[in-house]
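What follows is a group of structures, each given as structure tokens.
Next come two complexes built around chain A: one with chain B, the other with chain C.
And then the complex of A and B:
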């Protein structure tokens, strides 16, 4: 402490000026955070405790925890939350497929670059555009899926996006397809980080392919798996565009609607902004808890190279 | 070799889908989805129309491209006439989807434009929160007297009841959701055209629809249907024409489970698909919507809003002969074919620094004769709406339709019947016009496909959905009260 003080005393006028500048530079992102993060968060927290409609005065319509209490008995909230979680079945499927494809592409085979690009195309494509494309893949009369089904079995395929259960399957397939490119790229990077000599040593010890995969590959890409899992879970809770584009008002009996879709519906279609804020706050809490659980649980399965 | 074959299959499949996607762009739009569905153009920078004075007026509306041109001309003309006072008019046109968001942002930021749209459903909220000015002292009575009577019932409000008190908006339009039929299909089937003087009864309608439903190419599958209905817009005319209503008289109670007239109409509506099979199935409808099928000449009867007329008269869009008729009349109503009316109006902000000037401008946008001639099609050949000026509509407009100057269906009296009301026709504002939001109605629509596939009966569905709708309606009433203090 004493030493620090002495340094400060010795500061020249120029150093002081520099320090002021330093503070200014620090201030820029900090003020940005206050304006664009802290203020909206506080605002949303407060608004979630009002009957705000976007037209009326916030403070006059304070209602405490009424919105939150209403949410707990709100059938549609639970239904859309359930659907959101069901969609997450796609996450492990996508991870397994991603890892397998990445391992395939991690070899020196001709055309591997073309393949990598192809798998990554959905990721860089506009979500709205590919959603419209998949609407047509799932089309009842003219869709790719039903055309194949008809060609193979001679029967008319199902109404993918109109059926309450199939629409979920359709969404999961779509989301898996859309996210595959990201997992492949991340897994590829992870795989290329594993030193060759581990595999050589294992081969000398007589390990077969499966044993190498189980004991070397899988543990050493676990940090990647962890990263993909966390980001997919967070992203999974925020699914919105696909539902908005591919279904008519959330599907038959609201069967395709996700929690964010419901939030949007409430806040912007039905003018219940206070209620929408309350859903948003709950959603943030849910995401926080899930992420926290993941971080606590990671010691059990995430291995590092060291 | 085998691999190549598989690859070829996939490639061709991909090509097929991309071809289908190509036509898909046009099909996603449903008729009557919103009143101005075709306003898909990107928001452009506001047009600045300048004068030499000191006053600035900000306008924010949504419009189709054709309408935008008309309004820009009107604003330019107005600025020219008032160039000593006006410095500039910022005329911003957005899309209907974006409009609500922009207005909400403007309200939150306390920065309202001087002139903007208010729909009848929003009049209470805007007035009670003090965002708009009463127009009684700003607009001369003569202009108001010449508006359709339905307008005043939509935009007058006295602080407790809609339809009484001060006038808050001048109409951008008054529209109605009429019914149309494809003449060519009637000729083919050797059927007599519907009589515009006497709309069909339920039974007559089913008979005609059955005669129109057939397999035209002999492949064993039905490919032409009597009628196609869009649940969200085309269901309530059947209900209203049977005397049914979704809500009670003061719009506080959902009555879909108790109102026998409603259920009778619903049963008829469901039977068209489930029992009589004279509409495309729910599945077929998701594959290709009724609007597209109508344009393709697969449908005998389809809804026609006043905003659809220009498109249906355009041979490139709809290469068939067609005309207007009434929605079928149920046995339990007052015998009148009844549909819903729509409107949106121009309002003046209470924060405007030039209320008189703004009122003058909206009067011109709403009732300027040249503007109305352009919008109703006399000078442009594209009828986008019914004229707002009643005199003109009933005289010149009708004559111009009759002599072919305005391309229009010849049974234009059907439209007038719905808008003015007579002993065969009637027009009302739908229930959602009177409730804070339409969530209660969305809930009804969400489960409707299950009724039309026959998965659940009309009675069971009504009983099941009514409490959910009531809960949402109660919520809307509570919000209306919160929105107005």
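And then the complex of A and C:
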């Protein structure tokens, strides 16, 4: 009895010691989380209910849900939210292209590694640098696109970044180009995980290429598709840098501005920090809801290997 | 692997190969155009006709860019952020990953999930409060807003290293405990050498992230002296575009992209592998 108890005490002393060490090891990220994440989030929630400008006192300017109500009739908010969603047209385009290219690379083809690298280079390139580059590509008078159009048709090309609709096309092309490499890498990894026997068995059953694609490839890469979709949606709601670099003050009639661009504009150019926080909170809620819908809806189309 | 199958599809494979090559060339073409422009004369650039080969080839823009104090200062500022963050933040992240992977303590899972959930929080939500916090602390006239938060660790690095360490046998730990090692010695002597490769990859990825970061520096750095490289090339773009000095802008952007591209070319296998794993989980 006595001996058993001693062992137990010793165990718990060891467990306590382990716990103390563990707390020491994870202390830094935990403290960082409190100071740089948890505190700012609470702060943003509170500030979103104030008419705070950074110059006045936060607590004296409490206004309840006024900012949120104002946002509902704020045309620029809806316009930038709409533009943000229009840019997401690039997500399915990138996914389809990515899957097709990955399927191509999954065949016995020489130089796959070099090809893969070439498609991936834009991903690791600095977003600012490539935005600057593409601004030059889209340049009205001397840019690459209009030079090609002139060389082929003899006519002067359009004003890509100045036109309200074309600027969206231009941004979608740019974002697809920038992100395509990631989809390819992820799909390629997913395709390589599919056992060869599945295809061989289907071939014996007389399945043609399309049937194999539809019944084997597509369902078995669906977890990858799900991952790309989720991460692209979350990223898509946060587009900012390319808009700020490639357009002047959000483009003609604010046609290129995204929601984060609008938020930045409100908070740091207009000094409406409280209002900016309200937009930020709404953005977080939108992202949360979209992600939740995706997770709930995934049972309908995301298959697992077994 | 599958003899008859492959033979039948040879023509198709050739078509696929050609399409893949065309696609790949299209992908890198804008970058080639960037480098080509950086070597051209103003006359050639503004001729409005499609040319890719610089004639004459000028390298002067590169020395012009590198001769600009602001540009060099931008590189130095970026490095002043990189070095402390990677050293200190790399250490705190690795040791936390070990704590989460191999040690027992109350609230471990809840805490880990809380940290992981922060990946989903948009930076836009916290950037205003962080800006105010850093202003109050008097940090916005220095590089501290970029350095200090990073020193507390990086959640995605913690996540990946934890995955790595979890796969290692726990027996190693028990054996070391019997030898009288404390937990830090166990981490340092036994587990650290086993995750060197993964740690290196994560540090390289983090280096690239900091190198390419733009949003946080534009918001938090009030003084031009502190601008990091990406902010500097953005301001070059606005400033020299008015003078139509596209060669200079392209030279500056090319130099700014070089370090991450070089790292990628050197370490592409490990980098691509770690990206691919993130999708399969």
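One rule holds for everything that comes next: the second predicted complex is superposed on the first by the 276 of 306 C-alpha atoms of A that agree within 3 Å, B and C clash if a C-alpha of one lies under 4 Å from a C-alpha of the other, contacts with A are read in each partner's own complex, and residues count from 1 in each chain.
By definition in this document, a residue touches a chain if its C-beta (ideal position, glycine included) is under 8 Å from a C-beta of that chain, and two chains touch if they have at least 3 such contacts.
This structure is a prediction, so every number in the text was calculated from the model and none was measured.
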item	value
Which of chain B and chain C A:137 touches, first, second, both or neither	both
Touched partner set for A:105, first chain B, second chain C, both or neither	second
Which of chain B and chain C A:162 touches, first, second, both or neither	first
Touched partner set for A:148, first chain B, second chain C, both or neither	both
Touching partner for A:62 - first (chain B), second (chain C), both, neither	neither
Residue contacts with chain A in the superposition, chain B compared against chain C	C
Common ground on chain A, meaning residues reached by chain C in one complex and by chain B in the other	54, 132-133, 135-137, 141-142, 144, 147-148, 268
Chain B - residues contacting chain A, complex	13-14, 16-18, 20-21, 24, 28, 100-101, 104, 107-108, 125-126, 129, 131, 282-284, 286-288, 436-439, 442, 445-447, 449-450, 468, 475-476, 478-479, 482-485
Parts of chain C lying in touch with chain A, wherever the complex brings them together	1-2, 5-6, 9, 13, 16-17, 19-21, 23-25, 27-28, 30-31, 33-34, 37, 45-50, 92-93, 95-96, 98-100, 103-106, 108, 111, 114-115, 118, 120-133, 135, 149, 151-153, 155, 158, 182-184, 187, 208, 211-212, 214-215, 218-219, 230, 233-234, 237, 246, 249-250, 253-254, 256-257, 260-261, 264-265, 268, 271-272, 275-281
Touching residues on chain A, where the partner in the complex is chain C	15, 18-19, 21-23, 25-26, 28-33, 35-37, 39-41, 43-44, 47, 54, 101, 104-105, 107-110, 114-122, 124-130, 132-137, 141-142, 144, 146-148, 150-151, 177, 180-182, 185-186, 188-190, 193, 196, 200, 203, 223-224, 227-228, 234, 237-238, 240-241, 244-245, 260, 263-264, 267-268, 273, 276-277, 280-281, 283-284, 287-288, 291
For the chain A and chain B complex, residues of the former touching the latter	51, 53-56, 60-61, 75, 132-133, 135-137, 139-144, 147-148, 159, 161-162, 249-250, 252-254, 265, 268-272
